[in-house]
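The following pair of complexes shares a single chain, subunit A, combined with subunit B in the former and subunit C in the latter.
For the complex of A and B:
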């Protein structure tokens, strides 16, 4: 049996780390590249900037990891984030209450998550198609509620959510770190996390174990919607406005970050730390290219190339083992 | 595999009580119907504490359905359950678990990217003192106990996908054992195990028996039936056909009970008298998919059967011949020439594979009858790479008439055709390609009785016109009915050849099982 012996260190999260994943190569490689190419890259201010700017993407990529682990997908996240951000802005401007605004954004997110989950789990519509449909719905609603205009006049206390800091650490970093820890615990230390793995790996096993997996699958999509609501708060605070096209296409970056991080689209093989590295890689790439004044359209292409490169590395490695 | 046979450990099992008391579980008059199939028909079944109850039957006899009814995965349409003499309901896997029923499935119910411990306790996680979280230390401690019990030496933190098949089977066994089952159902648990693991499993079974656990054991190995069984139940076509005690029956009698399925085939075959040239020959063929040392021959004008139990390697032989799996030793000769390259080369050389899953592998469901009929013959119909719709349609119309495919038009989508007509489209597709050697994998699966004899008539017509046919079937009666000769497989090898005179269901089953 020794041929199946593992190099894993018992009891640590390290047991899940494959030997030098492609995303780590990409992250370190890009950082070195930009540090050499651009003098402004390796400064404390810029590094902190990368972290702060990565948080919104992280908030989407964390639930996206879980959704992809169930062999699912959520294409509606960017559009739902946009709609939630508009709803939040409208409520806050009208009522001057951050709590009411956040509640509104969360409701929008949960409603879309519930719809996505119901379409996928109960009606059996393929996730790609189901969430493509809700993407359209959310985008349309965003234009309707805003009348195509930006919502301005966001109060200062909302802006402080993004620009403020506690003990010298910017708020977004604290929020990102908090949610990262939450998702880590959720995936590796709760029943819910175990079942997410099984949802993608072997649904029959869950049925035979007496687990009602449809509700579970719906709640995974609802978690995605709720996180889009949380991200909407940061997005509104950052832009100081609600904008009807604010986060269009952000699901692409989120899926790219998850795929970069080594989460597979099959069999419930996922890795939450990999997603964090994937998000940072996308952040580093965008930041570095900005410093080098590369246009945004070219940046999107670069992310695509990077994803293919990282998956190629992972594919090579899994073939070898 | 014969060597494995010889070393199958014989056990000194405690004798069951001469007059057993109340059965721990009794099913009465269980029926279960799926669209078009009566999977279980008025089956009654009882198991007593501390005994090993052997469940026998051919492929498709209803053993697996009965097992799924037992564990609550299927709900019976009719019938009653009694637990220790009391009438109960089993409507879900949770109900079954409450009565102490655990099942070791043959097709794995493991989650590949969870570790061994998480799989063993899936659905029964240990909560920690902090609400909502899991007690991981306890999980691994309990899992280690289970692994020690079954003698599996792996780290409980190993992800299941990293284990070999035998180890996965042992995890599956551990998972069932950890449920403190009073009734343990096992579906061919030794199929994937080595001798050492088999021995270990039998030892665990003996311990469980001593504790009064009732064991239901599905097996295809005659030696196990007699070495382990205290009681034997035989199923056929979803019906209970016999009960026996091992001391009062013989392997021959059990085989006779298992065979004799009713196959209504009105079409009489004209058997070949003078087979033609050798169309297909394999010598010492081994493939990346596990088959070893396959020697077989198929001549023009002949229908040759390839039988054996599910998993004995029949489909793998077809794949190797067709070039879908890599040949690791030996050779495949088609019309005397060694086959090289992949399926495209095989198709060009005149080999057509009619796969088991028509819908997944044989047809493009959303395309039209005409498109499907043309797809394999493209290189032959259109040698200069230019597609001509008119020519494709004419070719399709000719085939529709010749094969009597019931379709309103060549432009009908194949998805709406009946199973029998879909099968004809797959055959027609290869006819258009000029195929001379047809390999059929379960040609009548999911086809109703009337269409079956039509398919056989078609196959007979093919060989009458000089084609050669290799036919894989789990329906022994069909093999006996239509084949000129048959090869019997077991454990990825050919273990015997039966000529027309010896071709009987008894002989096929006897060769396919571990019966001396």
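For the complex of A and C:
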């Protein structure tokens, strides 16, 4: 009986997809706009560039989708990514071992994820404040471990993680595609995913069903931390350095992508393909504005306005239903 | 209206007795910190350092007092730090262009207030959760400020204007007088006026507040406008103190301001807290950071310590709520 209920739940999660995916309209509209406005936009080189550059953001936005579906938020992701990247860089430079460095970055991510999850699930602290506190902690630690300096001298084999390719496809795209598939399966085809829908939509039901939802919620935040660790590897390889302010504010792009993608902050409705389109929308917006020589400060302001607009639409939708 | 009046007459008595107890604990904590720091370093208990602590606390208090009202309604304003940035830079431009500090001050206050009204409209009318609406606003403001300043610095203001931030009257820094003024005004507003009590009522139970006929939307907009205007005040004092404006001015102030409010005993769930509590909170946080400075702790530790304090303060509040 319960098995039947569980297996039907992924279907109902899909049924909650917003009827008009506004993000698709935004993505296509922006692409057409930039294709007309700047001749360099619609070239194979530039399009593949957008995909490659969006991967780090995708790695953060995927777990952020799950976290937001639990009516949570993780403001510390950018700072944790920065700290993990510094730790990875320091370890790799010292030991010349990519595996040790990645393990260090994952440990940093998991430790912060565990802390976030514990604060939110066990202590019941509102997620936006708990993760704002850990943001401060991670930012401080990043300054402390790096002494405010960049970590340079990253070996070539680390850079290859980002710049290499397999069968003509750049590594970052393969990594991004792999994790996208993983999260899709995780959310729609496993019990874990069903529980995540319930964490945001109906926590009461989980308790009644005997699920230990606190442990579940902690694991969602840990997944976010771990993904920040993975993203730290790509970030370090891309920048060829560890920098104490490298990814500050990146969580905003991730939250923006998730919000644009139609995941709701209030009812546990999430859509992983929407997040992918949200990530691409942010990527296209940044790339197109870059080509038009719009400064990155204005890009941030544009994304801010887009997010507020997306949330407004989300509010309208939930009012109607 | 009379119904709202009845309720507001009843609430302060309940709040005050509980609040008083909490406040005494916090004052004791501040006192203990002072004693500990006096013992630990010779540099602490000097007139110069005490005045320095008060002046730093005043900057934090301006920001935190407006934020207190927002948190009283159960909301949060994450844009206050970024608000300082844009308000300060626009005020600096006007002072430079017109040579009139009064016009510049007015610009700073108006900018802060306008940003606050935008926040209030998003929260009250568009029904966007406050933390995410003001978080979006934070990045919009950052972007605008950086674009506007384009990496430039504006510096060198008239000496009369700089007095606001670095001047003294009867041996006490002028920002401290401002702080005392806003402390009294804020406390009277929150505890002794109908509007102030309605703000408590909204935070304690928004549905009941609406049903008793309190114009919830208008009060919410008012509260966010206050928070923005106080960020404007902070930007002017900051500007006068630093004698220069940069794009990242005030960026690191949001977390300490939230920390001050929460240390002061306000609850993130609304309805509990006071402007005086926030004053004590700002004092405690400044004492901690000042003590770290005097003990030669690297300033990189400050965001970490502030973050931990925020979490600890919320946790204490949660424990208190569970008991009652």
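Rule of thumb we're sticking to: the second predicted complex is superposed on the first by the 289 of 321 C-alpha atoms of A that agree within 3 Å, B and C clash if a C-alpha of one lies under 4 Å from a C-alpha of the other, contacts with A are read in each partner's own complex, and residues count from 1 in each chain.
Throughout what follows, a contact is a pair of C-beta atoms (placed from the backbone, for glycine too) under 8 Å apart; a residue touches a chain by one contact, two chains touch by 3 or more.
Quick caveat, the model's predicted, so the values are computed rather than measured.
When both complexes are overlaid on chain A, the residue A:298 reaches subunit C alone and has no touch with subunit B. Contacts of A:211 after superposition: subunit B is touched, whereas subunit C is not reached. Once the two complexes are laid over each other on the shared chain, residue contacts for A:168 go to neither subunit B nor subunit C.
Applying the stated contact rule after C-alpha superposition, one finds that A:190 touches subunit B and leaves subunit C untouched. Touched residues of subunit A were counted for both subunit B and subunit C, and C has more of them. When the shared chain is aligned, no partner comes close enough to touch A:39: not subunit B, not subunit C. Of the two partner chains placed around the shared chain by superposition, subunit C is the only one that A:125 touches, whereas subunit B remains out of contact.
On subunit A, the surface touched by subunit B in one complex and the surface touched by subunit C in the other have no residue in common.
Those residues of subunit B that touch subunit A in the shared complex are 71, 73, 92-94, 97, 103, 105, 108-114, 118-119, 122-125, 132-134, 136, 140, 152-155, 157-158, 161-164, 167.
Looking at the complex, you find that subunit A touches subunit B at residues 1, 4-6, 8, 10-11, 15, 185, 189-191, 194, 197-198, 200-202, 204-211, 267-270. On the subunit A side of its complex with subunit C, the touching residues are 73, 75, 119, 123-126, 128-130, 132-137, 139-141, 143-144, 147-148, 249, 252, 255, 259, 265-266, 295, 297-305, 307-308, 311-312, 315, 319. Those residues of subunit C that touch subunit A in the complex are listed here as 76, 78, 122, 126-129, 131-133, 135-147, 150, 255, 258, 262, 268, 298, 300-308, 310-311, 314-315, 318.
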